[in-house]
Amino acid sequence: MIGGGIGAFIGDAHRRASRICNDFELVGGVFDVDYERSKQFAGNEGIDPSRCYETVDSLIKGELALPAVERMESVSIVTPNALHFGFAKNLLNSGFHVVCEKPMTMTVEEAEELENIVHDQKLTFSLTHTYTGYPMVRQMKDMIASGTLGTLQRIDAQYYQGWINSIIHGTESRITGVWRLDPKHAGASSCMGDIGVHAFNLIEYTTGLEIEEVLSDLNPVKEGVALDLDGTVLIRFGKNLKGVIRASQVCGGEENNLTIAVYGSKASLKWSQENPNYLTLLSDSEPTKIFKPAHGYNDKFAEMSHTMPSGHPEGIYEALANIYKGTAKSIRGEEFTPGEFPTVHDGVRGMKFIHAVVESNRKDNTWVKI
Amino acid sequence: MIGGGIGAFIGDAHRRASRICNDFELVGGVFDVDYERSKQFAGNEGIDPSRCYETVDSLIKGELALPAVERMESVSIVTPNALHFGFAKNLLNSGFHVVCEKPMTMTVEEAEELENIVHDQKLTFSLTHTYTGYPMVRQMKDMIASGTLGTLQRIDAQYYQGWINSIIHGTESRITGVWRLDPKHAGASSCMGDIGVHAFNLIEYTTGLEIEEVLSDLNPVKEGVALDLDGTVLIRFGKNLKGVIRASQVCGGEENNLTIAVYGSKASLKWSQENPNYLTLLSDSEPTKIFKPAHGYNDKFAEMSHTMPSGHPEGIYEALANIYKGTAKSIRGEEFTPGEFPTVHDGVRGMKFIHAVVESNRKDNTWVKI
Amino acid sequence: MIGGGIGAFIGDAHRRASRICNDFELVGGVFDVDYERSKQFAGNEGIDPSRCYETVDSLIKGELALPAVERMESVSIVTPNALHFGFAKNLLNSGFHVVCEKPMTMTVEEAEELENIVHDQKLTFSLTHTYTGYPMVRQMKDMIASGTLGTLQRIDAQYYQGWINSIIHGTESRITGVWRLDPKHAGASSCMGDIGVHAFNLIEYTTGLEIEEVLSDLNPVKEGVALDLDGTVLIRFGKNLKGVIRASQVCGGEENNLTIAVYGSKASLKWSQENPNYLTLLSDSEPTKIFKPAHGYNDKFAEMSHTMPSGHPEGIYEALANIYKGTAKSIRGEEFTPGEFPTVHDGVRGMKFIHAVVESNRKDNTWVKI
Amino acid sequence: MIGGGIGAFIGDAHRRASRICNDFELVGGVFDVDYERSKQFAGNEGIDPSRCYETVDSLIKGELALPAVERMESVSIVTPNALHFGFAKNLLNSGFHVVCEKPMTMTVEEAEELENIVHDQKLTFSLTHTYTGYPMVRQMKDMIASGTLGTLQRIDAQYYQGWINSIIHGTESRITGVWRLDPKHAGASSCMGDIGVHAFNLIEYTTGLEIEEVLSDLNPVKEGVALDLDGTVLIRFGKNLKGVIRASQVCGGEENNLTIAVYGSKASLKWSQENPNYLTLLSDSEPTKIFKPAHGYNDKFAEMSHTMPSGHPEGIYEALANIYKGTAKSIRGEEFTPGEFPTVHDGVRGMKFIHAVVESNRKDNTWVKI
């Protein structure tokens, strides 16, 4: 992993996800520009100190010196955006597979150069447009591909957030100080580059179509802001198919309100990121249908993307992980909050409940003390 | 881990959760009553063959023979219910911490014996009432404890499922063949023992109160079924506080519809497992309020139980894990479905989109080709 | 109409509803025990003063003296509960059809006596269990009757309100002063008599079954309250069919949360009064289906009970009535709030919008001023 | 009333609404271009035949001949769009108040001419943008006016329907035959003129702002269709405030999905027509708040626009009207469906239920037969 050291949110998400899928083991990396902090992080994670490198170049050199069987296979790049291209290029050219956060690069030219390298090197390059990993997004893709909607007639995607409000409505000095609002670090766009592109990707992913042209109206919203924080994009596909992408970072109270609606001549599909287990199929002639994961009516691709039986949101793993976390604190003798994990006393209470219930029923529905 | 071998659902959930929280490493166990299958599982997971034991007794013996620093610290029991007690007792008496699936035991006496052992040994015993790990359940607990609801007046919890319909409406021979419906293996109760007890636990967890007595009416629903598949339990706390627990395994189409509503003299709280990120606070005099994770208005306990920023359901880790899974298949040269992970070409498309959008806006909102 | 004078809420609802269905005209009544207030009300409503009677007896006498073609055909009784029986009995025995608010009487004996009178007189007696008039409740009834659910397995109905909280948590003197809490005026029960009976009626209406026996646990909730404000009722039908009715007036923040869920061997149906246009059909093997009014897939009974095209909640009539109300104020020269009805200026704005939009599109998507 | 005769949907809605608000009485009109059908309609409605006129001119002449106190005060125009202007102009110039369906006219010039006439005549002209009559829309208007949202930052309104799909995906001959798709009858626009303008009106109504300029991209969707059936409109207000209006008649399965979201520097408000009783207030720092009608926290304007206590959707009047309708059928001896109104037997059942429940509770929670 490049980046993702102490305090980094997205690097932590990558590590959790790779542990869940259980196909990867974190063996080394360059976790911070500050080598001391990088080593400190490696220590916390139990990583072999010899594989905590100071630079990407030294990582490449060090890993290539190892026997192929021990060598790092894949590198995840979770650094600030401007660094993606250089690191990805070097790593690919040195034979490493790459997982890269989005946006992939700063310019179209860099993006196309990476595409050529990947093609020539025959390596795997994975861009983490995470939303395409949801089971019901995959179900949507399959249903559209199989013709459930008929001829597509309108496409509408939205990504609304509000978090930047607290920044732009602070002091002027603060506005200019935030790197997200500085074109040098953020690139050509704030809102469209950070979240509009997710809506774009979701459209192309689910429909299998490519958007042909765009017309946009962007809004910096406030004096002194150099980049778009809000905008609407008219989109056109082939003849008679149009749509819209709406994105904003100033919709106060919206969290990650990413939605997509695809309307066809026969039926329509709608999905929303904040309730990702519900896929809605609308039609003029039949009751609205709600598709959920872990059912035989879904396509194979959706079903292999889900690991829980129906009715348990995937977040239940985190709930169970919280129980394990509390248990670990207790085992280590660390302080923990009462209620962090159910104890043997909860087990006793539960057994008493079950037996009292059965007894009450057997005794012709009379009261039984627990 | 005891149990949880090839094909076991709940063991897999425990492993995923323990990998997410990153405080545990699976180093050995007794994964199957069939030793060959157990060894096969250990091989798949990369577990040292010498720590794949044939029995729990040999596990205890083998681990105790290791230096303390290498020894297994905690054992997760995910076997069928009837085996929980014996294994937990032996492990605790040998000095191991225990994580145990629910129901903890088959009888109240066994449960109380375990409680005594845990007390004497001063070990950690964790019962996986998973639902208490959700951030908004913990927020609910804190809000009730801090008096937000005033004096409690009514408590209503429900756990409705429908999966057993397909079994009982099959052939007669099939009914008797399912272990869940056989008192020898399932214990005193099917519906109340398996899911009613979760509703019970959630009530005691969130309110901090103990239910004093119950009156139940259980229903086997179909001729030839020996256990309850459905039931309602009237519950009483102290003076003037009553409520109800409703549970069923024959509510066709219900998945894991666990809900809890607690009504007080000042306000009320409602939570539903299938949409676990929403906690609803009702009052007579103010607009209904929806609490969600990752906000400053939550209590500390809820916030430490959540790892994503607001608006991303925790299931997003699984979405990202799916991307990593597809990437792994590609790296290994395995077959994968197009769309299992976003490629460098998606990255090129994204960069083209962002730059076309910015260009259209700069050119006074005219169309730009992608 | 008997009762329903100045300030009476339920009488007003009856008048609005009878005007909507356009089969009734209000020609007279006894609107208040205070004859002066009754006459004042009649004057406000433009009712012939000679038909504003002082008592029900004088109404009967007066109307019978009129030629049959002019005579009142039907009388709506919207008085306090204790008066229903006497008035209904007299009116029926004098040959008038009766519409009566619920609860119909104070005792079972009175109820049975009325039933006999109606039977003998061959008159129409209509009890306003209003919820059975919703289109989707009627659709539910039809779907159950046609066997969509298979054999019924569980029935769960709820009616939760919270309005009585503000009364019981006021001063002691206030508690005793509220007639709802006084057995002399409210009858045998507060919560079950006022709202539990609606849940009961909805069960028998939608399923076509009769509940055979009940077991209840009621709660006065607070010291000094003589009647139930909260309760749970276990219900039994024939063999292997059970269920529960839950009702409360102390669930703070709940408004009129009346719900019903009927679970069968093949599928399940759920409906909620606060969102009455949605009927949910659940099954284990198919996506959840949402039925809504004004669609060809509904049965005939549901469709004849709806007057709006799909997608407009019935409440849209009240929205339009508000526009008409504002218009009337303006016509009469009364004061009105800006925005009470759209003016000709709004019409000008609308036309400008439409033409500007068409022009922008024709001019290759350029900006057009409004 | 002009128009609105036999089989006319919108005329019926106007009559129902005016009966609900109880400020209007239908005394005459020109109900159909076919005078025989018009007279037939007047007969059905019990209207004085002498006031069922053949033309608007004869109506004006006839009514002006009546004493002022008997004369029609206000005329509702519910004819096809192209006739609105001429009738409204004549009626206003003759001194009648006018209620007019939207779109008000066919051209901007006609609209402005009407505005001038209304201004000069000092008459009331009411345009039925019905959605502005919803209580929560009025609450939204008041909250924005009082500064709850701070400086507005983004406005997004949508009106999606799907009903035209069934027409355009029929045969070619059918397409040309539908008047909605014929510019001569429908005017400059189909989708924007019929429904886009509602979204436009809702924006200007709730925010109190005027949209300054628009940029649109419209879509006829199918070969051979002359008008827009779908489109997106970029909208601009003053500096730094932009937004979008999205409208479509080809979103299959959408009914009347009219929504509005207004985002400000401090908070945001969202409302949806299909669930009109819920107004959502979002902010970055507080729980999401849901405002509903009939609560003390609402502004006065919203509260005077609502007639039901909290928790009963306004559609409950129609439910009660359905009960009255069934009762009327029974009184008249017409055929009715069992279940069209609750009978005295339902009343008996209800009383038995209440008394059995009370008895069970008194007898220490034992079973009591009904």
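Lettered A, B, C and D in written order, each chain numbered from 1.
Everything that follows uses one rule, which is that a residue touches a chain if its C-beta (ideal position, glycine included) is under 8 Å from a C-beta of that chain, and two chains touch if they have at least 3 such contacts.
Since we're looking at a predicted model, the values are computed, not measured.
So, comparing C-alpha centroids, which chain is the farthest one from subunit C?
Taking each chain's C-alpha mean as its centre, the farthest from subunit C is A.
I want to compare two interfaces, A-B and A-D. Which one has more contacting C-beta pairs?
Of the two interfaces, A-B and A-D, more C-beta pairs touch across A-B.
Nearest whole angstrom, what separates the Cα centre of subunit A from the Cα centre of subunit D?
The answer is 42 Å.
Averaging over Cα atoms per chain, report the distance between subunit A and subunit B in Å.
From the centre of subunit A to the centre of subunit B is 22 Å.
What parts of subunit D, by residue number, touch at least two of the other chains?
Residues 215, 217, 231, 234, 236, 254, 281, 288, 292, 365-367 of subunit D each touch two or more of the other chains.
Under the definition above, what is the set of subunit B residues touching subunit D in their complex?
Residue list for subunit B touching subunit D: 215, 234, 281, 285-292, 295-297, 365.
In the complex, go through subunit B and note every residue touching subunit C.
Contacts found on subunit B: 153-154, 156, 162-163, 165-166, 169, 215, 217, 219-223, 230-232, 234, 236, 240-244, 246, 248, 250-254, 261, 263-268, 281-284, 288, 365-367.
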